[in-house]
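What follows is chain A paired twice: with chain B in the first complex and chain C in the second.
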Partner chain A sequence: MKNESTVVERIVTTTESATLSRYWMVSALIGLLFSSVAGLLVSLERIDLSTASIFSTADDVFQFWTAHRVALVLIAVLPLMIGLATAIVPRQVGASRLVFPRMSAFSFWVWLFGALIIIIGFLANGGVGTPEATSETQSVALTLVGVLLAIIGICGASTSVLTTIVAGRAPGISLLNIPAFSWSVLVAGTMWLATLPVLVANTVLVYVDMRGRAPVNFGSEAVVWEQLSWAFTHPQVYLWVLPLLGIVAEIISAAFKNKISNPFLFTAIGLTAAAGFGAYAQTYFDIGTPVFEEAFSIIQAFIAIPAVLLVVAFISPKIKDLKGFDKQTTTPAVLATLSIVLLLHGVVVGAVHVIGPLELATRSTVSAQIVLTLGAGVLACMAAFSWWGELLIGKSISQRKILISGLTFHFGVGIFAVADFLVGFTGQNDFTGVSEFAAGTDGSSWVETLNVISFIGSLLILLGVIAAIATTVQHVLSKTPATGNPWGVDAPEWKSKEKEEVA
Partner chain B sequence: MLTTGFKLWFGLLIAAFTAAVFVGYTTGGTETGPLTLGWKGAVGNHIAYGILIMAATTSGLLAILSQSFRDADAEAAAEILEVDIDEVPEAQISTGSSPWPLFTALGVVTMAVGLVAHPFVFGTGLIISLVIAIEWTMTNWSERATGDPEKNRELKEGLLRPIEIPVLGLVGIGVIVVAVSRVLLAASVLGAVWIATVAGTIIFLTAYFISKRPSIPRGVVQSILAAGFIVVIVSGIFAAINGERDFHHVGGEHGEHGDSHMEEDH
Partner chain C sequence: MATILPPAPLNRPRTLMVGTAFITSAALMFFGCLFSIYFSIRSDTLAWGMEWFPENAIELVPGGMNMATLSISVATMGWAVYAVKNNDRIHAYLALILTALMGIAMINQTVFYYMDIGLPIDHSEAALLLYVITGAHLVMVGIGVIWLGLLLLRAFGGQDTSRHRDLVSAASIYWYSTVFIYIFIWLFIYIGK
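Entry: the complex of A and B
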């Protein structure tokens, strides 16, 4: 009886980490597509700020603008990271499987339903409210419920991965000896578990106020986004992409056959995590105290310290050792390097935008910082797919196609970010806290030109995502078997073989 | 030796207690209040502090239980099995496929959507979640009952099948009856006759087709049944939304002619 399960039964009942990992990543790519389309539409609208091109009101634009950010974090980047960790971490720490496989499966399904509800909520004129409160209250409530479910799923999956690292390691592997990716997941997951419940509290606060009676303070549709926005902006976005540091360290180390010092790297990852903690930076509760402003600025400056440490860790040992570069690893190495470059640009833009006299704190510069940072996370996942793809899907991987997808996406992020960074100096607002899209804009030709460039960047991002999805689907359907250890590296994940699932 | 379970629960204890102390100090607690559980001073926000201390206490009790019963302790397993410690089975037993994660997620999601949509939906989700909690608990118990997976499965089925089959049968029949009745009541009189005739014929032919091909894969039969069930449910929902057809009572007001059940359909 036990081997007679049908395809559908196997799909919905699996608790195998490799399969769950594929579910997470494929679903996340679809979420990334949704987010990219929303971002593209907003960019298209922004080309001509004087008239409504595709949206009829500023509230409509706001819906898609927030959909882009919420989906990018909760439906794309975080699930991508969790998908990678679900498959790779047990292998790296010598565990036969995740310690809570059924909780991992439950977490995925809850997240998936939550993600679908979020998308439905946005499409049903709900989302996270609108500045003029023209959205449907019922749909806003539905979106908030979706956000809660997605967070429950992410927290459950993170708990399973973290417990595997802490309690499921093979004998003889200490925490300080685990591979860099597992360490970065340990630090990132811990910080996710420390901050996502705060977002849950914000969401519940808004929901209860909105549903329990006439909204009096937090639950008005006009201020919902202000309650939640801290999770989708600077500095919290650094936490969402933290595992990219581990991915880059693993790939660069193997490409140059020169291991990065663990204590140095681990400290840098820890410091980045500490500086990225953003649950305190809630504008809604900012009562204008100088302490808050100064603390915020100091912490944003502080994030430059681990960034410098990372540059030293990643690049300095390699410059003198370029001859040792393994050309076979070109694709993952290029994508990994580009992702850390994007992250460093994000850090720089983040530090610049809090400089008071520049008055960039509420300008488009914020958007540039977010896209640079989260884009770095997505690009790192592409690098990881290139590096661990055979482990993830058990098929041979075409490196060239992944490289093309990654480069397209990278150029898209770069072009978008440069344009948005510069247009911030002209006074164009990021959307937070304003009701008019073009408020404060000087309306010069420079603005329009930069917005056209920004749109081109969005278009390239979307093309990169579509190419990545097509490549992934092609690999999943491919019949070419995996070659084993394509890089010939001496890493635990390539040595271990997960035990077959007992049906 | 500290067991894995102990480490996990003890870690949670520390985390919850630290969080409680942090909450206490940041919500008006005195210097010693949060550290002494309120014995020497105020603890700040009572609700938040109380919840976190309860979490810490529960984690501590589970840690002690886990250590006391030597959960996942290879030496303990060796003593019971009377074998050498190297021959002890893995502490982590293989966890097979399970439908409960998906069904639990469906229950939780139904509850969540019910919060927004309607109390009936919330109640349905709650019932689903409770039923699955029992099923999942029994599954976990049975998987550890003996060392033989087949025997474990029989044990579980022996306990649960006498309850599951009648209950599921009743629920399934109830749902189908309600859905079909909505469809027939929404259609015109002639339409209802046609729907009943066509549906009955399709069911008869499908059953005949399946009975004539015993080798047909189980998945195909399941898919046909699932598709039919979904069609009935969706039709019932749409019919319920559209409402029943107009009924005109023969003879005006109810009971005017002593026959309140006489109706004429249009």
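Entry: the complex of A and C
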């Protein structure tokens, strides 16, 4: 019987995991662009803290400052990770497709709708409120609806992927024998399902209090961000990028032809996940006594370090053994290594910024930590695109272009983070507003120089993102067919590709 | 002559059950957060010597009735799972209908109580939390009732396969977690106030 469905019908109704994966990743890259532009504008405003430059009020800056973080997590990093998992996980665990393909497709469209609403909400002077409550209440409510929809979409897609790993595996594959990326997705997805509903609860509470009457407390525009911010900062950001450990492990072990021990790696991923659980670090759970606050700080400072060091310590011997390195894998190996380096720096900065006597907990150091960690996640996705690109889009991949995008992005993140980390020691606040008083600095030339360097970092991040989008679009439109198994690795995802081609 | 035995069935976890378990866990975390905020603010409020709920605002009877209704529904849901497992269609229909009716009754009682309570949502943080927690739970019960309705439709449509059995078992996981959450609402909001 002739298939009479239109192109639009096919786009909207597809349940094929590779296609959905492409939808997720392309949409997430556009979200990353939005986030990067917002971050760039905030950096530009910070160059001259003596007066408002490109924004008129501190509340305007706040809108973009929060838009940068919300978009980076909910519209960029998480969807990128889910996009990868949607295509790669079923192949790695020997499933013919995702277990709940329709739910997966539905989740994408719900997320996309939510992401669009979030962007519209921010552009309509809503966002997640402002300190002086000058935002439009209706627009804030709209943004919150967008946040809820985006989270529902992410949770739905995560459930589909997780169930595929747990219940859809091919017979004979035990959980301890699944590839590292699938394991990292299993751990990360489980933790996402444990923490995103907490964010939903916060958002619902704010939304209900905000609608139709004067708010009791939760819905006051000045305190909305305070209630939601835990999801966009240390230590929760480690959870959002957790699959990067799996990506790096897969690429590094293949590049050096030396498999990393599963129990060792899996334990490290689990420990990092435990360290990254940040749902407790919110306004209403502040126990208030100095002893408990100190305890939280110590946990935050030190628990993440052994987990990440464990991974790095295990990977480093392979890096030393350069004789076994397959030069063909230079691009993914370089990007993967740089992403783990960024994550390690993020962990160290995260540990430093909670040390009480340094008084960095509310300084620009926070921004450095967030950008380092989430940037590491984005860079790992670029490495994954370089590694699994043929499986993702079914075309041959130009490694050089991905390497250039990745390196530009990496240097941008590095420059931005170093400048923000250092300027935090001068007392500059995480949110600077539009005056030196609000920024907490004396406006010295030292601070100005660091803020200019930070702006250059933001600019490089944006250029890296634009280059990544251009490269992705070019590959999608390319007519060069996939070569099959470009790395010649003995991995299940490539075998299933070969099987598919034979069929 | 040697007898060739069929291969043993693979002991695989069932996808619907696993998927439902993940979603149910997420729902538990959602309510966990709301309860944590509730206890935290309540503790602060009482520590300052202020009133949490106004005197006699929260009555024990509606909460108790709902708890009793949902407790009975646990038994009827278990009955449905048992009946489907034994291919007993009539009992399965009856048990599913009764469970759905219990859910509807619970929704009805709670909505009636909302109209009767005389505590506006913007009265205090306590009132807002009361409505958000119980309202979110009502939504959860509503989803459960719709799910049971769909199960009944499929069952009446003649679908009674192993997949259908999985659907009933998955629905039961969801339903039990709904009742489990209500235990906390009953204990800490209606009784503990």
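As a convention for this text, the second predicted complex is superposed on the first by the 464 of 503 C-alpha atoms of A that agree within 3 Å, B and C clash if a C-alpha of one lies under 4 Å from a C-alpha of the other, contacts with A are read in each partner's own complex, and residues count from 1 in each chain.
Keep in mind that, in the parts below, a residue touches a chain if its C-beta (ideal position, glycine included) is under 8 Å from a C-beta of that chain, and two chains touch if they have at least 3 such contacts.
Just so it is clear, the structure is predicted and the values come from calculations on it, not from any experiment.
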Clash or fit (per the criteria above) of chain B with chain C on chain A: clash
Which superposed partner A:Leu148 touches (first chain B, second chain C, both, neither): first
First (chain B), second (chain C), both or neither touched by A:Val204: second
Touching partner for A:Ile117 - first (chain B), second (chain C), both, neither: first
Which of chain B and chain C A:Leu176 touches, first, second, both or neither: neither
First, second, both or neither for A:Trp109, with chain B first and chain C second: first
Partner chain(s) touched by A:Val99 [first = chain B, second = chain C, both, neither]: both
Touching partner for A:Thr163 - first (chain B), second (chain C), both, neither: both
Chain B versus chain C as contact partner of A:Thr195, first or second or both or neither: second
Residues of chain A at both interfaces, chain B in one complex, chain C in the other: 99, 103, 163, 166-168
Partner chain A, residues of chain C touching it in the complex: 10, 12-15, 17-19, 22-23, 25-27, 29-34, 36-37, 40-41, 121-125, 127-129, 131-132, 135-136
Partner chain C, residues of chain A touching it in the complex: 99-100, 103, 155, 158-160, 162-163, 166-168, 171, 190, 193-198, 200-202, 204-205, 208-209, 213-218, 279, 284-285
Residues on chain B engaged by chain A in the complex (per definition of touch): 4, 7-8, 11, 90, 92, 94-102, 104-106, 108-109, 112-113, 115-116, 149, 217-219, 222-223
Chain A residues touching chain B - in the complex, by the definition given at the top: 2, 4-10, 12-15, 95-97, 99, 101-103, 105-106, 108-110, 112-114, 117, 138, 141-142, 145, 148-149, 152, 163, 166-168, 211, 499, 501-503
